[in-house]
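Some structures to go through are shown next.
Heads up, the next two complexes both have chain A, just with different partners, chain B and then chain C.
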Partner chain A sequence: MAKFLEYIPGNSLLHRLNPSVKLVCAVLFAIACFVCSNLAFLLLMLALALALAIGCGFARETAGLCKAVFAFSLILAVVILLTTPYGAVLITLPWGYIGSGSLLAALTVIVRLMAAAIPLFLVFYATKMTDITNSAVKQLHVPYKYAFTFTSTVHFIPVFMNDMSVIMEAQTARGVEFDTSNIIKKIRLMVPLCVPLLVSSVRKTNSAAIAAEVRGFNLRTRESGYKDYPISSLDVAALIVCILILVAAIVIASIG
Partner chain B sequence: MIQFNDFSFQYREGTEPVLYNVSLAIPDGTFVGITGAAGSGKSTLTYAINGIIPHCYPGDFYGEVSVEGLDTIETSLTVLSQLVGSVCQDIDSQMVSTVVEDEILYGLENFAVPREEIPARVDEALNAMGIADLRNRTIDSLSGGQKQKVALASVIAMRPRILVLDEPTAELDPASSVAVFELLSTYARQHGTTVIVVEQKIALLCDYADMLVIVDQGRIRFADSPDAVLAHSDELLALGVNCPRSTTLMNKLAMQGMYEGPAVRNVAQATKALAEVLA
Partner chain C sequence: MIEFLQVSASYDGEMAVLHDVSFTISDGEFVAFVGTNGAGKSTTMRLMNGLLKPTSGEVLIDGVATTKLKTSELARKMGFLFQNPDRQICCNTVREELLFGFQALGEADAQAHMRVDEIIARFGFNPDDEPYLLNRGTRQLLALASIIVLEPPVIILDEPTTGLDYRECEKVMEVVRELNENGTTVVMVCHDMEVVGDFANRVIAMTQGRKVADGKTFEVLRDDEVLKAAHILPPQITEISMILERDIAQLPEPIAKAHTLEQMVEAVVSAPGKRR
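Here is the complex of A and B:
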C-alpha cells in the first residue's frame, strides 16, 4: 500500500487523464457535492467516486482515506446533531432536541465530505507531483513558485508523517505507551513530540529550499518545462461529465 | 580554479567564526577530498564554493572566494549554480520529484536546456551513474545508494564544471560507497570536472582524491596530496582524523628508520611496502 498522497504508477483511466483536467474535474466534483444537499444525489456521487477509485485500482488507498474522512466528518456530524434541532423530535436534550432533520443533516455532512474528498485524493495517487506542477503552470497559468510550493507541501506530508512515526518509535523504545485507549492521555503523550517534529520539518524544508535554489529554481519559466500535456478526447469527455454533474447538482439544489 | 583568499566566516546566529583565514587554491579538474572532525567547518567550506554562503546563510564574510574568476559575493546564486552542481547531505530533502526521470529533468528544465538536447542529457546522466534501469522507478522505492546515484545524476545532467558533494556516502555501506566514488571519479576524469567531496571515510578519499584538505576548528591544517598528508598520521589522529591502520603502521616503521618509501594508503600498498622492507 502506498503512503499517504503518494503517486502510484499505473495505466488506469485516471493515470491517462491530463493532470490539469484531472485537477479541474476533481474540483468540479467537489463543488457539486457542496452545491447540492440532496442525500440521494450525494450518495450517488459517493458511489461514483468509489466506483472510480475501485476501477482505477485504488481500493485499498481509498478505504484508508474513507476511514480518515469518516472519523473527521463524524465529529462534525455529532456537532450538527447536538446543535441543529430540526424535524420530528427523536431525542430530547436539555438545550433542545435531536430531530429527524438533524439526523439527515449529519448524515449528509458525512456523505458529502467523503464524496468530495475521494476524487481530490485520487488525483494525487494517479499523478506525479511534477506533472501536476508543470501542467498547472503550462495550462492553468499558475505561477511556477505557487505551483511548486503547493506540490512541495503535499510532497512533504508523507515525509513528515514518516518522521513522526520515527519519533514515536524512539519514544516507544524508551517506554512511552502510545497505544492507550484514553484519547486525552494519548494527546498529552503526543504534544511533546511536536517539538522534535517541528525542528526536523524546519530543517528539512530549509534544506529542500536550498537544494531547489542551487538547481536553478529561480530561473524556471512557463516555457522551460520539457513535457507537454496535450488534451485528448478522453480529457474532453471527463470535463463534460463533470460539468454535467455540476449542472445537475445546481438544478437539484434549486428545485429544492 | 577555485580560490580562497584569507576567507573567514561567522554565521549570523553564531558566536564565533566557523572558518578562519582560509587560503586555498583548487586547480581545474582536481578531485579534492575534505575531511576533519565533526563541526570543524567542512560543510561551511563547501557552502562558500557553491554560493550557499553568503546567499542563503548570511553572516560575517571576510576575505574573498572566487569560482572560475567570479566573486561569490557579487555573483548571484543562480549564476553560480550553473557552474557548481551541489549534492546536499540530506538526500531525501533534495528530491523534488516522485519519479527518477523527473528528478533529473528538474534542473534541466530550470536552466532552460534546449528541448532537443534534454533526452540525450538524461540518458547520459543515467548511464554515467549506471542507473538507466531505474528511470521510471519512484524515488521512494529506491535504496539509499540508489537515491545517492539519482541525486548525482540529476546534478551531472546539468554538466557543471564543479561538483560539490557533502558526505555523499554517509548512509551507504562500504561497497556502495566505493561504487559511488568509482562512478564519480570516472565521470570527473572523462569530463575534466573539478570534484569537491566532504567525507569522513579518509581511506576512501585517499584512493580517489588528488588533494586532501584537513579542516580543524575552522582552520585548514593540511592541503596537499594524500601521500603528503598521510605522512602526518600522528598529527591527524590528534585532530580527530583516523588514518588507515596500514598507514599508521608504515609511518611508525618510517619513524624508526625501517621504511623509507612514501606513506601507504591501504593494506595492499602496506603489504607491498612490507615485502620490500623484509626482503
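Here is the complex of A and C:
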C-alpha cells in the first residue's frame, strides 16, 4: 500500500488523463459537492467517486482516506447535531434539541466531505508531483512559485506524518503511553511532540529552500519545462462530464 | 536477558524484513549489530523494545514475551537512543528533558530530581540551556543522558555516532563503555567498524533480514565470508593483520591475531628477527 498521497504507477483512466485536466476536474467535482446540499445527489457523487477509485485500482488507498475523512467529518457532524436544532424533535437537549433536519444536515456534511475529498486525493495517487507542477505552470499559467509552493506543501505532508510517527516512537520508547483511552490525557501527551516536529519541519523547509535557491529556483519560467502535456479526446470528455455534473448540481440547488 | 526465538517480522504484514532470527544476549554484554542498510538491524532493535511485534517467533525480555508487555513498560528496562536526537528531545531546558522520562513513567519524585542533578554534574550540562540551541554532539549526549538517567539495565543504541565528529563520537562512546563496565547491557547498531572494533565484545552480522554471523568481535570481523556477505570492511588494524597473515608465510601468531593497535605494536616489537 502506498504512503499517504504518494504516486502509484499505473495505466488506469486517471493515470492517462492530462495532469491539469485531472486537477480541474477534481476541483469542479468538489465545487459541485459544495454547491448542492441534496443528500441523494451527494450520495450519487460519493458512489461515482468510489467507483472511479475502485475502477482505477485505488480501493485500498481510498478506504484509508475515507476512514480519515469520516473521522474528521464526524466531529463536524456532531457539532452540527448539537448546535443546529432544526426539523422534527428527535432528542431534547438542555440547550435545545436534535431534530430530523439536524440529522440530515450532519449526514450531508459527512457525505459531502467524503465525496469532495476522494477525487482530489486520487489526483495525487495517479499523478507524479512534478507533472502536476509542470502542467499547472504550462497549461494553467500558474506562476511557478505558487505551483511549487503548493506541490511542496503536499509533498511534505507524508514526510511530516513519517516524522510524527518516528517522534511518537521515540517518546513511546521513553515510557509515554500514547495508547491511553483517555482523550484528554492523549492530547496532553501529544503537545510535547509539537516541539520536535516543529524543529524538524523548520529545518527541512529551510534546507529545501536553500537547495531550491542554489539550483536556480528564481530563474525558472513557463518555458523552462521540457515536457509537453497534450490534451487528448479523453481529457475533453472528462472535462465535459465534470462540467455537466457541476451544471446538474447548480440546477438541483436552485430548484431547492 | 534478551532472547530472540526464530523471529520473523514485517512492517506491513506482507513483506517480511526479518527472517527466522535467533540469538540470546546475556546481561552485561556489549553487542554490535552490523550489516548494510536494509539488513534488518534497526528492525531487530525495534523488536527488542516492543516498538514492533514479531509476526512469528518470540522476543523474550527476562523471560517475558514483548507481546505481553506495553512498550511504555519496556521503557523501564530498555533505554533506546535514536539515531537523530532531535526526534527525541522535546523539552525547553536540559533539566526538563532529563526529567521527562521520569514524568512519563510517573516517577518524578525527589529521588528523580537528585538523579537528574547527578547526571547534569557528570555530563557538565547547564540545566537551563535550551536543548535545540546545543551543538549536534551535545544534543546526542543529552539524548543519551536522558535515557541513562532512568538507569535501564539495557540500552539500545541505533547508530549513535552518525553525524558526530571524532571528538564527539569518543565522548558518547566513552559514556557507553563506562555504563557497560558498570553492568549495563549495551546493544548497538553501527556502521563504523572502528567503533565496533574498539567497543563491542560481540558482533552479530546481518544481511537481507537474516543473521549471517554471531561471535566475538575479533573473530567475526576477520572472517572473509562474513565480511563479503554483510558488505562490511573490517577495522584498519584487523585489515592489516589479515593482509600480513595472507602475504607473509609463518607470520608470528601475535601479529596475526592482533586486533588493537597496542597489541599490534607489542607483537611487532617482540617478534623474532632483525632489529635496528
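We take it that the second predicted complex is superposed on the first by the 256 of 256 C-alpha atoms of A that agree within 3 Å, B and C clash if a C-alpha of one lies under 4 Å from a C-alpha of the other, contacts with A are read in each partner's own complex, and residues count from 1 in each chain.
Keep in mind that, in the parts below, contacts are C-beta pairs under 8 Å (C-beta built on N, C-alpha and C of every residue); 3 or more make two chains touch, one makes a residue touch a chain.
Values in this document were obtained by computation on a predicted structure and should not be read as measured data.
Shared-chain residue A:207: touches chain B; no touch with chain C.
Once the two complexes are laid over each other on the shared chain, residue contacts for A:52 go to neither chain B nor chain C.
In the overlay built on the shared chain, the residue A:174 is in contact with chain C alone; chain B does not reach it.
Judged by the touch definition given at the top, the superposed model places A:218 against chain B, while chain C stays out of reach. Shared-chain residue A:9: touches chain B; no touch with chain C. Once the two structures are overlaid, the count of chain A residues touched is higher for B than for its counterpart among chain B and chain C.
Looking at chain A, you'll find residues 203 touch chain B in one structure and chain C in the other.
Chain A makes touch with chain C in their complex at residues 1, 163, 166-167, 169-177, 179, 192-193, 195-196, 199-200, 203.
Residues of chain B touching chain A in their complex: 50-52, 56, 77-78, 81-82, 84-86, 88, 90, 92-94, 96-99, 102, 105-112, 115, 118, 136, 138, 140, 154-155, 158.
Interface residues of chain C facing chain A in the complex, by the touch rule stated above, are 12, 46, 49, 51, 70-72, 75-76, 78-80, 82, 86-92, 100-101, 104-105, 132, 146-147, 150. Contact residues on chain A toward chain B in their complex (touch as defined above): 3, 6-7, 9, 128-131, 134, 148, 152, 155, 158-159, 203-205, 207-208, 210-221, 223-227.
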